[in-house]
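I have a structure here, written as structure tokens, and I will follow up with some questions on it.
A, B and C label the chains in the order they appear, each numbered from 1.
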Amino acid sequence: MTVAQSSKAFKVRSRRALLDNDLREALGRARGGFVEQRRAAFEALPEFEALRDAANEIREHTLSHLDYYLERYAANVEINGGTVHWASTAEDMNRIVVDICRRAGAKLVTKGKSMVSEETDLHHALKAAGIERMETDLGEYIIQLADEPPSHIIAPAVHKTRAQITELFHANHARFGIEGRAEDRTAIVAEARRVLREAFLSADVGITGANFLIAETGSNIIVTNEGNGDLTSCLPKVHIVTAGIEKVIPTLEDLSVFLRLLGRSATGQEMSAYSTLYSGPARPGDSDGPAEYHVVLLDNGRSTMLGNEFHEMLRCIRCGACLNHCPVYSHIGGHAYGWVYSGPMGSVLTPLFKGLEESYDLPNACTLNGRCQEVCPMRIPLPSLLRRLRQRQVEAKITPARQRLALSMWSRLAARPRVYRFVTNLSMRSMAWLGRRRGALRYLPAGRGWTRGRDMPAPEGATFMTRWRRRGEQDT
Amino acid sequence: MSRERILAEIRRSLKRREALDENVRRGIEARNADIHPHVQPAYDEDLVERLVRKHRDLHGSVEPIDTALHIVNAVIAYLRDNDLPQRLVAADRAPVKDLPWGDGVTCEHRPARGDDAVALSVADAAIAETGTIVVVSSPDSPMTHNYLPEHHIVVVPVSVVVRWQEDVWRILRKRPDFPPRGIAMISGPSKTADVEQTIEYGAHGPRNVHLLLLGDGQARGA
Amino acid sequence: MPAMFASRNSVTWDERLKTGFFVTCLVDLMRPSVGFAAVDLLEDAGCDVSVPERQTCCGQPAFNSGDVASTLPIARQVIEAFADYDYVVVPSGSCAGMIRTHYPELFENDFTWRRRALDLAERTYELTTFLADLAGWRADAPGGSGKVTYHDSCSGLRELGVREQPRRLLAQLENVELVELPDSNVCCGFGGTFCVKYPDISTRMVDDKVDCVADTGAPVLLGGDLGCLLNIAGRMRRKGVKTRVYHVAEWLAGHHDRPGIGDPADDDR
């Protein structure tokens, strides 16, 4: 895709989003709740900054010895009786997962929410292999029915209104013998429970993500509120965990630091309802649990990122706080960003995964207001990373020529104070004259972007520097 | 092989040719052997009181009982009050093993099935910090009990109540089966906010988590 | 710190500290009266104010667009122009932030210039911070009156921690009542080139801001960054909203009778 195309795609999607009243309603409701709940949770936690320091220290320590920790983690998974698979690319991961499913003779897999599987587009690989997939997180299930990507990393269906969900269920649940419409929230949740319960009990393979991998014990931890991740992990005879290589942390004590930050940052909860550590398949004598336990460790560019100027992004714990506090995200929603990661963290990750050109707009469609960095539990300098991406775009000449020209003209002018003084004084005086009646201009020939939605307040006339000089001359 | 390729790329990014040298490795091992909690939220509330308060805040219910002899009556009363069938699955361990259920109640020690309405478990620990119950999987304590039935009754001996999450790790490390296959940290009933960002309870797992707070024989104002 | 300074309303201070005023391109071009107000305030506070001739823009538009090559000559020019002042004061949080946080980053690999950039960064202050925290400015005239509300511009707030300073200064104006703006810390949608490149998103963001201002019932909006104020005032004019918009320096200096930003010169409202 060329810049013009991808740019258009973002602009079209974001404009469509701005005009979508259902989306506006859904996003408006979500924003207030998340922001307020997070604020209250951290207000009640004087140790917040100390926890952030500790979490960053742990992440930096682990990342700078990542090879060691991955090997240690893998060794412990194997001691627990599990199998570790290493996937360099998205295709590798999909192939490994499909192979495991095939060997298990799987017809139906249940899936817990996993951003990594969205990243590799595992859904299509499963579909191509003729394996049916049921998403079990209610939000993921809703968007699976709608055949849409998630619009938020922790609330995938945040863009859907209740009425839309009612209709989706109605259109899809006849095959389970469900006739009427589930209208209120309780009925919707009950219907999902009923439908998904069947899937949990009959699935051959369960696929989950992992919030963290613990090297000390060879465990993965899954944090959910619904308990769907646990039913996916415990019931099928094969459990597959998919996780990015950056998810590993050293010890259980380290885990506690992250758990204190994760729920509070995401939804304002001290602890989500279920935080469960899984270490391998069923043990001798166990009456439930999977017979096979697999972990697929995905690289997909992360090991390269570790050594470049975007390595700070590997600290991300996918809490979603940056999305919830982003004024751009909260107006356009996640789909406008065009890929699975959205908002500030997505605007950094997507260009790194998908290419600077294809995602031209993402780093640019940001005011660099810094609220994301302020709330990020990992203190990731998201605005600086976005600015760095813009620099790479300029260097690669992906930035539109017109913009580059305008900026370089301005910069060259700014580097010549005398000429600058003359040109600006003249321009301001003419603009002031044009706007003298209204005090503002409705239209600017060279600034249509500005005057599309607002007037340009008229300048006062001669520039400050001109007037200052005059004042100096009068004084002397 | 992918494994070697990934590790090599990581080392390249970290500007290291080989695996860690001995000294650094020993330093890391020392870090991880010297186990101590990092930052813990300070509080000075009584542990049991806080556990009860936090668990209730999480929409769970709590009933103090004096001795293990009271478990049967408390469970039967719970089933009756909630219009539940007089049957349940239970862990096969003290203090819920070999209880005198009487004729009317069927109690089975097996994994949960889709149609079980009630499970009865024993907490291995309870974290007062957050109102979280910890149930560890074992042959006597199937994981499915925590997630399938609509009602989860958990016996919590006050002796297992700990102050912080890290206390659980300390206790678990002493077990011969460490790390156990599953460590369930349960903070209230199952819930979802995926419809209109408003909480509904009983998404996939229990609608209610009912704690039987088993005292040390002394009455407590829970 | 305030002891280093004394304003004319307290003790006289003979060796007044040399203060370089960086007017910033937007104030220079669009609203010189903010510059004059700022100079008045600084002189009130006892500073010996100069306006170096060689200043233009801080280079932020190029820097934020990822054009480092174009930013460097501008940054060097600013560093040189302000080399000889004890303090450099800027009536904008985002331009002061550019100098304080980003100039040193720009010269990461250039020892000499980095040292000069760090030296400038240390001497550079956003106007309200300088007046409130260092200069100990005291109001000597009642100034404007009535209800006002205040928008916290993002760069000043988050890069420099400007929040209490303008409020403390305004609290000295006896007849001014500050009504807090809901979501005052949420971006107004300006974002430099952002508002021109993504006008639709930007318009929605500024609409939220305009609505919040309306919720306060205050007829006057103040702020410390002309970029945001031009954006908000521009949207208000387009929508026919009558709120008057000023840079906080204008109110502090008692220039509150002038037409607000985007108001007709012969304001008869």
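Annotations
The criterion applied here is as follows: a residue touches a chain if its C-beta (ideal position, glycine included) is under 8 Å from a C-beta of that chain, and two chains touch if they have at least 3 such contacts.
Computed from a predicted structure; not experimentally measured.
Chain centre most remote from that of subunit A: C (centre = mean of CA atoms).
With centres computed from Cα atoms alone, the innermost chain of the structure is A.
Mean C-alpha positions place subunit A and subunit B at a centre distance of 30 Å. For this pair, subunit A with subunit C, the centres built from the Cα atoms lie 33 Å apart.
Chain geometry summary: the mean Cα position of subunit B and that of subunit C are 54 Å apart. Taken in their complex, subunit B has these residues touching subunit A: 1-3, 5-7, 9-15, 19-20, 24-25, 28, 31-32, 35-42, 54, 58, 110-114, 129-132, 137-139, 142-144, 146-148, 164-166, 169, 177-198, 200, 202-206.
The touching residues of subunit C, when paired with subunit A in their complex, are 23, 25, 27-33, 35-36, 51, 53-57, 59, 61-68, 70-71, 73-74, 77, 154-155, 157-159, 185-187, 189-206, 208, 230-231, 233-235, 237-238, 259, 261-265, 267.
Across the complex, subunit C is touched by residues 11, 14-15, 18, 327-328, 331-332, 364-371, 373-374, 387-395, 399, 403-404, 407-408, 410-415, 417, 420, 424, 427-428, 436-440, 442, 447, 449-450, 452-465, 467-468 of subunit A. Across the interface of their complex, subunit B is touched by residues 26, 29-30, 33-34, 45-47, 50-51, 53-54, 58, 61, 64-68, 70-71, 80, 85-88, 92, 136-139, 142, 155-158, 161-162, 165, 185-186, 188-190, 192-193, 196-197, 200-201, 215-219, 225-228, 230-231, 234-235, 245, 250-254, 256-257, 259-260, 267, 269-283, 285-289, 297, 299, 303-308, 311 of subunit A.
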